[in-house]
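As written, the chain order gives the labels A, B, C and D, with residue 1 at the start of each chain.
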Amino acid sequence: MKVLFFNCSLKGGEETSNTEALYHKVAEIMREKKPDLEFENVRVADYRIPLGIMDKVDDSDAWPVLLNKIQEADIFLIGTPIWQGIRGTLAHIVGERLYGSGATNDKGQMIGYNKVAGVIVTGNEDGGKHAGRDIQFELNQAGFTIPPSALTYWVGDAGPGPSFIEAEGWSNEFTRSTSREMAYNLVHLANIFSHQPIPAEGNVSE
Amino acid sequence: MKVLFFNCSLKGGEETSNTEALYHKVAEIMREKKPDLEFENVRVADYRIPLGIMDKVDDSDAWPVLLNKIQEADIFLIGTPIWQGIRGTLAHIVGERLYGSGATNDKGQMIGYNKVAGVIVTGNEDGGKHAGRDIQFELNQAGFTIPPSALTYWVGDAGPGPSFIEAEGWSNEFTRSTSREMAYNLVHLANIFSHQPIPAEGNVSE
Amino acid sequence: MKVLFFNCSLKGGEETSNTEALYHKVAEIMREKKPDLEFENVRVADYRIPLGIMDKVDDSDAWPVLLNKIQEADIFLIGTPIWQGIRGTLAHIVGERLYGSGATNDKGQMIGYNKVAGVIVTGNEDGGKHAGRDIQFELNQAGFTIPPSALTYWVGDAGPGPSFIEAEGWSNEFTRSTSREMAYNLVHLANIFSHQPIPAEGNVSE
Amino acid sequence: MKVLFFNCSLKGGEETSNTEALYHKVAEIMREKKPDLEFENVRVADYRIPLGIMDKVDDSDAWPVLLNKIQEADIFLIGTPIWQGIRGTLAHIVGERLYGSGATNDKGQMIGYNKVAGVIVTGNEDGGKHAGRDIQFELNQAGFTIPPSALTYWVGDAGPGPSFIEAEGWSNEFTRSTSREMAYNLVHLANIFSHQPIPAEGNVSE
């Protein structure tokens, strides 16, 4: 069973990401629960993803590579920073390309069917739920099932301030408990779908 | 297996509701798929629901009655009109009271666990996805699982105009196909949960 | 020149409101800037405002009283708590009734013309910008001019925690500076409109 | 007096844009009202704008060129298509770069001060108000004044369908009247600011 994390930080993989630090905590809980999980961690900023409402915008478009990773995953996590109270643009671009692809699985259901998804957000302040809401909606529209409480985030007080790592955000009881709940529920539902997938009935194009 | 529909139209049950007309189409598809479903249709405007972040605001508060209906349901649908591009206030009140209740099931999971939820929206125009997004998020935060594509809506052209019934909105191919997909997925996932509920592990307060 | 504050706390006027505490700071700055301002502070929860898309829902509907206060104001502030990352329902109800009224001024422009508006939000955590965004939009649709940076808020770290008063939120530099900027800009623009109103041309129904 | 339009269509300038067609209608009304206006129409997709929260991401970053155009404008319009019920990513990128720049005018006020802004949206369906709300908020946070009813849009019925040009969206009475109202109000307020700018008091960093 595969877990795929798209880190939509604007920073490339050579830089430390606060959102990734929270992801590692979530991944650790999932691994304790189910030790045979495979994990893939993608820094989206390291890929060239042009804008467009199509499968492939041009020859060097990396979106098909990313889409293929999504196709292989059982559990899909999107992580994002917050700017001006909402998700960063890279998370939006992933949602727009996902929608533009209109990709389906081998039964003709949308790509997200029988996959579960959750969201991880960190920011100096204000916007965790707004970012989570927008990402969850787009994932659901692409066919992903959203298990209970599929969002964890950390934010600090209003205004500029230290980020998750510096602020030792993992000591926040709320962030720990929402991370734990999401991690367990993602694994629980992925297990369920591995035995009982959603039948291809009523949900395939005719 | 029980289907519960909260119609958050501002109109009382003695008036015709466009959103309810779309609900009946969705219910019909569910009934064809699974004839032994039980349906309950609640016009929320007929109940007295004061504002507040608590279980019970006062002695004539009808929220506990509605909460009890939610507790009994396997499939929960919220319907709403659109005003100014977003859901109506009554759907917001339901979300706020649900959050304020902090209700749990007998295993200590939040009330929505092992229940699936979807959203039905109609409006003259513009706002179906915004309304759906906000309602889905709150339901998910209350523990409901959101199956793939758990939103159907009908809207007309920009500006004032005929509503769903008058405009014969059911002839809209997109509304028909999203209704069918949501109806099937709600039943598929409710069936799955009836055999394989989400274990009470990692998702109960310690 | 009149300043009107609608405090959309769910609590009645006999209880202490964190959002009101932040309003008093904003009002103080406005008073220093322009000592002859008149202030009116309305606890909306003390009024009976039924839901509906009409001028007057029934004989004991207090909305016409509130609408009349808005008509008299030059500067209009809406304050709200945060629940689940968004404004409280009472602020939504004010927006819905304002929209449903379709009220105009004596030149036939919508009620908000030549009035300026801003938003004040407090919450334990997360959602100040989301609440502000939704309220600003509805005020703008009702004809209010939104001066630069017309939002101030205070929120704490992710999860439950102390509210504005207990947390001594006014010591937050960001909240102080956004409050100051909003207060000055509301007064600046109200002054400008008092000398140069927006002409009734292109913005009245024909 | 200068009007600047950023068309955030994902399509380059060689392709026909529906949103631009609606912009031309708005521009025409502004020109009738005030014949000496200068207009600049920028197809943002023709510029290379990398993601980042900084003034200049790299040497070929075109954002400084665009920012300079904004600095020169009196009236700023952002246009966007709708994807999945919200603005396109390019409009989001403009907002994120604007925020990341933290640009100020020569008095030390944020870049948008004494400039007015509005939003133009077209889509097959559903999302005009959501797109407008998000863009207005970011413009306001950057110091722009939002005049009354500063949004015009056209959308069709739920689901896929013809776009603005093909559907002859300009025959929609609502779209025409909101376009007219926005066009007049932008010119009215820009005129007012040209005589009575917002004083640099309370709104500059200390």
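The rule we apply is simple: contacts are C-beta pairs under 8 Å (C-beta built on N, C-alpha and C of every residue); 3 or more make two chains touch, one makes a residue touch a chain.
Because the structure is a prediction, the values reported are computed rather than measured.
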Which one of the chains is farthest from chain B, going by Cα centres? D
Per the definition at the top, count C-beta pairs in contact and tell me whether A-C or A-D has more. A-C
Quick one: report the Å distance separating chain A from chain D, using the average Cα coordinate of each chain. 30
Indicate the whole-number Å distance between the mean C-alpha point of chain C and the mean C-alpha point of chain D. 25
When the C-alpha atoms of chain A and chain C are each averaged to a single point, how far apart are the two points in Å? 36
Taking each residue of chain C in turn, which ones touch at least two of the other chains? 84, 86, 129, 133-134, 137, 141
Chain C-touching residues of chain D, taken from the complex the two chains share: 29, 33, 109-110, 112-113, 129, 132-134, 136-137, 140-141, 143-151, 180-181, 183-185, 188-189, 192, 195-196, 198-199, 201-203
Chain B contact footprint on chain D (complex, rising order): 84-86, 125-130, 133, 153-160, 169, 172-175
Chain D partner, complex, touching residues on chain A are 10, 45, 51-53, 83-84, 86, 88-90, 92-93, 95-96, 99-100, 134, 137-138, 141
